[in-house]
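Heads up, the next two complexes both have subunit A, just with different partners, subunit B and then subunit C.
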Partner chain A sequence: MLELQEMAARAGRGAAGGESAEASPGAAEQTGGEGAEAAIIQAEKFSLYYGAKAGVRDITMDVWPRSVTAIIGPSGCGKSTFLRSINRMNDLIPDIRAEGLLLVGGVDVYDPRANLVHLRQQVGMVFQKPNPFPKSVYDNVAYGPRLQGTRREELDGWVEQCLRAAVLWDEVKDAMHRNALALSGGQQQRLCIARALATRPRVLLMDEPCSALDPIATAKIEELIVGLKRDYTIVIVTHNMQQAARVSDRTAFFCLGELIEYDDTKILFTKPSRKQTEDYVTGRFG
Partner chain B sequence: MLELQKNLEKLTLRLERMGLRVAEAVNNAFDAIAQRDVTAGEWIDEDDSQIDQEEVAIEKECINLLALYQPAAIDLRRICCVIKVNNDLERIADIAARLGRRVKHLVAGNIALEDYADYGPMVHATRDILRQTVRMLNSADADLPRQVIEADRQLDAAYAAFTREVLDAARRSTDVDTALTAVLLARSLERIGDYCTNIAEDVFFLNTGDIVRHSAAFKAPADE
Partner chain C sequence: MNIPIRQGLNRLFTTAALLSVVLIVAALVGILLPMVWRGGGAVLFRGTVEFRRMQLEQFNRGDLSTLRGEIEQVTSVRQRAWDILDRFAAGLDTSELATRVRQIHRDVGVQLSHRGLLPDEVQRLRALSQQLRDELLAAFGAADKAEGSAHLEAVLSHADEPGLKDTAAAVYFDIARQYAHVLTTVDLSRRGEYAQALGEVEAAMRALLGPRPGERLPAVVMERYGATRWDQAAQQLDRLLWAERWQADTAGQTLKKVRIPREQQFAGTELAELFPYVQHNVRAMLLPRWTFYGHYFTDDSLSGHYFGGVGPEIIGTLAITVLAIAFALPVGVVTAGYLVECAGDNHATRLLRTCINTLAGVPSIVFGLFGLAFFVIYLLPKLGLPAGSSILAGALTLALLVLPVIIRASEEAIRVVPLAYKEAALSLGASRFHCFITVTLPAALPGILTGLILSLSRAAGETAPILFTAGVAMGPIPTSLAQPTRTLSYGSYDMAVGDKMASLAPYNQFGMVATLIAIVLLLNAAAIVLRGRISKRLRGQ
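Let's look at the complex of A and B:
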């Protein structure tokens, strides 16, 4: 309960908790849509180079809190590069160079003084293939909070809340100490989402989170994404345009490293303003 | 070309053929009325069932394309447009069939619509709007929807003039049957104009993505 009170306070609500704070861990943003509050992710002429080659070039876009933003585009267009720039996952690649501004919560991600541990706690990530640790279900979720110093007596409740938020609790509550690798692919991916939520991030990055899943598991993850946006900002890269259309509020179309169009998802998929976007979403190229 | 685009081209052609067939049915009805040809009027009624079947076939094709390809943007708008236009064309065909059935009544009652001076212009306006509507179905000319809307205004004006003439004549005689028949027939033609306006709005949506139904913003150039 302590966590809920803390979360409610962070979210600017009373300790009794609003519906969002009660429903899911880690709520951090003020309620409100575009225009009601500042963007949580702001890119201003942001470019990222691999050596001399630009992975993305001059990206200017804002991502609003408590929304789902989809990034679509043909292979090699820079959508994953941009996604991975947000929590500096690209740092693992040698010879990368960033230009322009990329802010998360008003903090410059590429500031040399940036605290990467804090950044990655704030910006969680879910990958294409489920990658649970070869540990128990419980330990997967508890791993991050333990490192953060969460007290043992609070841990059980927190793990449960994270698994509930990831809509996995009912399926694993009687097998918490079973090896996570024994779960199905869809369950493993939801476990990875629960693990990401456990460090109380503000933003969740998802890089094709359903591409390795069957349609039923995909539907569950999509439903989960829509539910999570009450409390989190989600940025998802997907090759599945129907999925982008179903789950996201806004969609960005990237091509050859550039942001071509960024608009409300409903507009982008029904009457995009750029010919290139129209050709892509109608399958005429890409 | 992608399979979806090929299928959409076929679908557009099929809708255009449906439009031609419907316009022909209405024109045949006018001819049957003019020539007092009861048999020709009955044929139009019989042809209507084939148009009904074609309407169902086009709708099924649209549903198949939606289910199989999950289209977006212009492709999605095209299928939505076809579904709606297809429906309106079928309703115009129903009016043609009704006109065909009415020939028998006109002959039996010895009712000569040509005696009204404003009947000819109204028929002409109806033929004109149908011709423009069919042309619009497979044309890239973005101005055609507005032209159809304007043609409907002309048809409305012709309808109003004809109705006035019929009512004036009715006041001078006791022939209520003729006046009623003439007004009902004119009302059918006015409805054809309304359906053509619907189709123009749907084609406008196809071209622009904007829904202009019930919108004052979508005006004919003459009104701007």
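Let's look at the complex of A and C:
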């Protein structure tokens, strides 16, 4: 079995500082700077087919650790398809076929020997519509750690840390055992983020996390994303170009299943190199 | 379609819907209410002193001192009735008198020989005693009143014989006087008819008041007590006060049953006063009182449901139902999980679904026969259990019966669990099995409970499957799963087709049925409340 943990350990041997991986929700032992280390997500001519139709075609892009990467594009361009391929959530759809290479932490996720459970614990996901379990707030956040075998004594502290990281602790600390469905939409989405953080992932995938929320909740979550950037790699799919401009370091523009342009956010929005990108960014279509 | 027509149709549909609801409720009330009402008569009724006596003697329940007081009270009232009856019976029953008379003669002989009289005197007195005896016997055998009276006169003419004073012979004259009195009141020609009717009157009295105090205890418990309920007493009183005779009608061809008041039947005799006496004093003889027989649900039954309650039946029904659900629920939920999560859309799966649907339509008697052939005769003996009906076989058969219902309801419930929950669980690193157990099943619980509710009612009430596999009409409370048991459903069936218990104790029959209905309703209500709570929790309230 090829384990991502192995890769992390190898990279961690070069880590500076004595910050232990357990002490904070930051799981990465790698030191900062994009160019200084290997990309955490690498796609090389990656394609995904639904039956005969191509969802995405020949995607080649690299995502560096501790950054926020936004994927933008018009509807049906394959953004969500690509995102969900990273942690193999597309497997839920029957009759899919992957071609090319998609590496996470140096491991091909479509390798038949890949440990799916481990992959999904390393690559967390937050969905478009908040989907907390119909259980208590505590049980929602504790779901992942319990899967990983965290001991009961450590669970309480860890749940609190995750909720603090998701900026939700103050609002739910008195109602930890109330049903999660009683929270508001924005709170539920932050709960989902806390839940995803609880498995100590290195990458956080977010599929249009704010599209179902009101502006105030959206602002809170954008703030949260910028704060999480310190410890996590975040890939966010968004319909909202302004949001991409606000939070991301690099942006990828997809159109009709292909990656059109992938560059620093500032450059993509001000001086895009492709005409399609410019048309989309200036609102001429999409 | 224009607006008025559409509005008219709307109103029509609404009315039709309301009408259906009203009809359903009326049908439910119309069927259930009388049963529950009459079944209530098994628990709440006017119980007599006989009932309290039965409770004390058979079930060890009640206050001995108050009961003793009551028994004394009623005995004093009843005694007169018994005396009237005894006297009349004695008067008719000359064979007993004859035996007594013969015994008297023997006693006189013995007494005379110890008197120290002269042998001649002893001889004469003995001969006189014999003569008196023969005269009396002749009087008893006389078919004619005049003849009988003549003999009695002959006896009584010697009433002042000094030699026979202070001997047993004095009883001769008492008997003669008594019999003379009988002769004046009883129409000897009708003696045969009286004897038969007297038998009926005795039987009716015994049914009403129970055996006489001091009489030998009957072996059958049913006959040891009189009417235990006031409604029963009214029936027995009717039997006492009215005689049924076949009488040719005026044309002389067909025979009709007519009712004659017994007072009229025994008119002119001593017995005639028994009937108005009993009629007026029956309340004092039985001391009816409103009784709440709550132990009906825990007591065993006596004499085949004549007395007692349905305790063992309730235990049997609950045992079989719970066991059947315990078998069917896990198997059903797992099968439903497989069908939703793992089964592909291929021929094998379609065949499986067809089988499950077919199983749902199989008549329950077929299940019963299958259970008999497979579980009782083949499988359980193979596993080492003793052959014959058993709770285990019945529960397994019932489990097969309710399995399709559970599978269908669970499958539906699992299918409608939002995909979002599954996605969330999988994205957190849960395996598909773990996701099923920790997220899908709990979310599907209300639907699964619906299947459970439906199958609880069926399992508790079905009779045909347990007819051959687990049910017995009478027997001890089972101590192991390998023994058969009484159940409410089987018991109701048995009482309905049995010989006469249903007509003797209709309240018990209704009580059993009403108990079954009540248990099913209670189980349903509990499961519905549970389902409501879980639903609320899943929705976040």
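Keep in mind that, in the parts below, the second predicted complex is superposed on the first by the 260 of 286 C-alpha atoms of A that agree within 3 Å, B and C clash if a C-alpha of one lies under 4 Å from a C-alpha of the other, contacts with A are read in each partner's own complex, and residues count from 1 in each chain.
Simple rule for what comes next: a residue touches a chain if its C-beta (ideal position, glycine included) is under 8 Å from a C-beta of that chain, and two chains touch if they have at least 3 such contacts.
Model, not experiment: these values are computed from the prediction.
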> So, on subunit A, is it clash or fit between subunit B and subunit C?
Replying inline: fit
> Of subunit B and subunit C, which one touches more of subunit A's residues?
Replying inline: C
>> In the overlaid three-chain picture, which partner chain does A:179 touch, first (subunit B) or second (subunit C), both, or neither?
In response: second
> Roughly how many degrees, to the nearest 10, is the angle at subunit A when you join its Cα centre to the Cα centres of subunit B and subunit C?
Replying inline: 140
>> Quick check on the superposed pair: does A:93 touch subunit B, subunit C, both, or neither? Answer first, second, both or neither.
In response: neither
> Counting only touches as set out at the top, which of subunit B and subunit C does A:272 meet: first, second, both, neither?
Replying inline: first
>> Just to be sure I read the superposition right, which of the two partners does A:284 touch: subunit B = first, subunit C = second, or both, or neither?
In response: first
> How far apart, in whole Å, are the nearest Cα atoms of subunit B and subunit C in the superposition?
Replying inline: 33
>> Applying the document's contact rule, which stretches of subunit C touch subunit A when the two form their complex?
In response: 418-431, 434, 438-439, 442-443, 537-541
> Mind pulling up the subunit B residues that touch subunit A in the complex?
Replying inline: 2, 4-5, 70-77, 208-210
> If you look only at subunit A, which of its residues touch subunit C in the complex?
Replying inline: 87, 89, 92, 117-121, 124-125, 127, 129, 131-135, 143-144, 147-148, 179-182, 192, 195-196, 199
>> If we count contacts the way the header does, which residues on subunit A are in touch with subunit B in the complex?
In response: 241-242, 245, 269-272, 277-278, 281-284
